[in-house]
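Report on the following structure.
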């Protein structure tokens, strides 16, 4: 009985948090290690379903994990690299879409169903959700060409949130694969961080939570204890300018800044390697990453 | 951090229960010791608000606690008793209504607001909720009169659940005081157990939970360990007939049988003296009383 | 037959007025003599029900009448007065709430039901209707203290009209008792004139009608024939400044000015001692008080 | 002031009647003298508008009055009669439709607008309201032909109440001219009593009120004081069989019987020559005709 | 089979046009030769019904065709002319309304029904659709009087589109006769071009299409090949000023300019003498008239 | 111009068909040659989009075409066959799902978008659309085992049409891949004909149209001119019993019978090798296959 009483205490302690986020929309960028480990996967999915049942509206945007590379390998499709960037030719694009939409997305949908939730998986092609165009990547090298031709790598023109709003309203968790279409038959592979940020903006989300394989933004890349737990976007810009934030964290930070500027309440870059980091972030005071605010 | 992880585990364990009761209507008869102790009161209120936030529709029917007697004493209103039953004359009725509706009901409403929920208190007069008529109480004594005149003690003619459905739909917790009206200006004091049962029937509730000052139905009144944890209404009738269930538990058991017969999913007579007994009943496997089923 | 034909004539004459107020919201401050005389009470209630049936949306805010004093006397609760103002201590507040909410409010609700209407009684605690805080009353005397401590006398912070709009939409007449809550467990006794004015503002009411025990605003307090039948708020301010309006009429006039400034169409201070003064005001050209307009 | 108080008394006396008919649908067959006298016309129209404002849903079906004959005369169109029945040839039909729809109907619509109501005039062609076919009139004479060819005189196949329900819901008074269409381009002149009865059935009306030029059903045709004020349909059938009801009253009585059998609550054959007979019927106890009930 | 395949090709070719106008509102001024020829009539009606089924919302405003003159002749009503303008006295007005509303309007409604659509015919009196007042026509002659008294010729004060929006929403094609009312019992004959333009403005229509007996606006009145196929309103004004557009085309052009200025997307003056000119205009690239744009 | 007039004629001829199917739900099984040829693909997609715009609700269920085999080959996944049936092991299932959901489905969705429509692609996992269990295939050979283990080949337990109804209502064309889930994490490859039939039943579809690579049901398999153009389900059963219908047509015919028995209006087995066979079937009298009716 003692054990049960302890449980009711925990539930009651969650009440202020449940109340705080009731009816709010939270976009979750799901990727990295949390998509590889079966245990972490189960934890993330349960967190999503719990969020939905207590009145929060989660929307998932996922990356491809290592599944795409695995399938490219199996099919002996070699990737060309220009200046260190992978070029997406037609054969690669076909595999990328198949794996993202036909495998990764449906696995998430199936796990949510198994955990008791209701989900609908979408690619950016569905319902005109993500309109995109070819990304013009500036050539960082002085090779004469101003832009690199990365093939079918896309940039978002517009997110039409209509289908997401319909699905949320009907009680579904939308799960979005980062593929966009130009509306005339061409489609593109798009960076999932960018998709998550644009979806959050289009939905006027209260929060964007990015699951990463780091503790959050570190003030010293080498030191996991140097976590920046809270910062304004002005402070983050300063840290980028000063070279404190660097490497792969720069695009994530810039996506966050852009999202907040266009109306998203806050962005959370959290440690996806900790089980239930989503619940920790939302329902407790435990610090599991960096919170960026206006 | 350990502590926080433990909490997320508890929340996730609650998921199957949350899912099970999502969108269900549960009527709670609130009375007894749980209305006296400040600590228990807070626990009950928090349980109700949590239930509402996780998608359950609780409806509260309360009794008067010792407040009515306290006020009658202060006002020097003496109660007449006929054959051991308290007669409700006009002066008494005035006090009963004032205390139930103006004090006890509003205290519950205020506590729910304080705990972060939204409640609306109702008497049976509001919106024609409870239509009632004078109760004809059989005289158990051979004194010549067939019926006892108990004054303004009422019996329910009809519950019109319209206002309850409106309030539930708009996100409020309805809190009902056990007063009924005959629609022509007369009103009555009604037993709260009866009101709770009739409200549950009118709402086609999934559950009726009765908070009592006992562990539930006991097979041996003297032994708190003789709890009957589960029974069908046929079995309960048999126990009444055999004299195992007796005294004050008989009307509660009969109300339960009547409610289940007319469509309420199950009735739970639970121990209101245990903090969070409502959550224990709904969100755990802990046995905190007797469950009656068809 | 002659008699009947006369009646149809009267009904048809009412048509332009019915048309004029169809779908309009009218807040009625109900108090004074009209709450004491049984005959006037019946007349007011019938007027309210008729208004509802012919398509007007009446909302009632009532005072406490002499019932509060009567109950305080019975309970031997003495009122302390500071500089002539009654202090509301905890014991007094308990009685005030009980009588307003549990007796006066429910009596009105019951009478409306008896007259064929549907009403729901509310205290300001219900559904977060009236948020209030302690009133800081300026000390008019040079006793050293700047403010008087009047105990649980409140001032309105905000009126949330959501529950009123829901009830109006479903065909109910809302009846409001002038009690407010600070949302954290404390509540306050509030002047009913203030509540009526703030409710009218929150509902963007077309009219606020205040039932008083005077013919309206008099230009000469001693002469009942000196009625001011119509004035703009500028004119009323001038009359206050010139000392023509004085005493108990000043707060009523100031409430009216404030309500009109914030969007209420007009305020009518009428003579509640005349039977059916509400109908006279709305459905005829008879002058039964003072109309204040922007 | 006395006069005004008298008026409020009359309004309050109307309350029980208003309550009784609130939200009810009443079909009015408007014809006869009440369509000729300007004074009666104004009274009928005002009655309709008042009914609408106090929550009743009136639907008007009108006849043609003497306007059709007047126009046929002007146009020198002679009517052929077979066995005493007027034959509607194409030229006649054109005039009938023009006068009914383009003149009589629009006059009623315009008068309702002038009296402060909102009306929409319809012919049975509009929105597929009245589907009809050629009427086969039994030949009462032994001339060899079993049926008389009356030309474009129609019989109702079906009433589709969709447009009426839409208009009622939006606050309009529908005004229907007795013209029906076969859906393939042919249309028919139909008896207005039949149209009113079928419309009442299709709307499941609570009442059908027929304005006539008699006091109602008389037990002795010659004696206006022999009014049958109330009868069941069984009693009416008996009166027809016994020859008490005869002549032009027979089809009206039979329409009434048929309407009541198919769900109309009651049928009232009243004296349209009395001003405000509609209000007298609905809002008073005055007897202004015959009420037929199941 | 070849034939059938050809048909599917045509249907598919219509797809971009159907898509373009899906959900759009198009007001059609129906008059002239297209109302006289049975073949053209059938074509127009079929075009309207097809438009409705493929998701366009057509609203028809019709003129009187030669029917009014025909009926005035039959009734020997002589028209007075002042300075060449026909005066509408009371007798004329009665005939105008009867013919427009009772004959022409209902014929269109009946034909739409026969073609498989659902229509509701309205006069401007219905539902307060067209409020109008007496037109003050400037006297072009120096006869001393500044204005000509044309009798019951009206000018539009206001179009209330409420009933049109209701009917469109419920799937009906509204058909409007050009009669307006002053709301106090007087009504007026109004130019149908003006009614069509004002209705288009009130509905914020995407297109106003005017069926005429010319190929459109001609740059040389005598030469049917001098069609102006497209022009801005600035260009049209210039053409009026330069005297290129003249005679009966001036009011049409001015109505068009006024409609476009107040929000109508484009106005098309097309050749109603060509069968299916409506479909040609909407579903093909064929030029069948003049398109005026902002 | 002649050409354009011809087009309007064709459009008008389509009107009765458009009217007939307005608001109807039609399930299309899309497979075979029509999914291989680029020209046929475009024709089918245009047909679907046109259907949607003229008020029909098409729902697409597609097969996998030769894409699955192509991908299995590329990945060197050999298929095991038991008694001539392909066994779906885990590796095969992964490829089947990826190709169906991530490639074929999204290609259709993209083509619909390109043609101007709005589509949402679904697998049976999404929104719990298709619940399935392992198919028990009777062993036709006397090898001792009663059932063949075909691996992850599924049979439908239940279709939940909720998400389809939501999407239809919002104007989308749902496109369904034939994958089902058991709700506990396992999923299955299901025959697309079966999925189409069950989806049609769950939607109470008016029509199920099956695109095949035959002219329809042939009375003589060898003779394409022996087309059975129309039959009742009783006649079809008889033809199966008599061995006239055989081979691959038997399951299609049995699916059709089962669908019709459970409420689908009619089933059409048509020749997908003819361009626009869908439009031919729906909008013309051309016979392009076999129609089965109750």
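Each chain gets a letter, A, B, C, D, E and F, in the order it is written, and its residues are counted from 1.
Criterion: a residue touches a chain if its C-beta (ideal position, glycine included) is under 8 Å from a C-beta of that chain, and two chains touch if they have at least 3 such contacts.
Here the structure is a predicted model, which means the values were calculated and not measured.
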item: Least step count from chain A to chain D, where 1 means the two chains touch; value: 3
item: Residue-number overlap at the chain A/chain F interface, same or different (half cut); value: same
item: Chain located farthest away, centre of chain C as origin (C-alpha); value: F
item: Centre-of-Cα separation between chain B and chain A, whole angstrom; value: 47
item: Inter-chain centre distance, chain B versus chain D - centres from mean C-alpha coordinates, in Å; value: 56
item: Touching two or more other chains - residue numbers and ranges from chain E; value: none
item: Graph class of chain-chain contacts, one of line, ring, star, complete, other; value: ring
item: Complex contact set, residues of chain F against chain A; value: 74-75, 94, 97-103, 106, 109-111, 113-114, 118-123, 125-128, 162-163, 166, 170, 172, 179, 181, 183-185, 187
item: Touching residues on chain F, where the partner in the complex is chain E; value: 1, 4-16, 18-19, 22, 43, 46-47, 49-50, 53-55, 115-116, 274-276, 279-280, 283-286
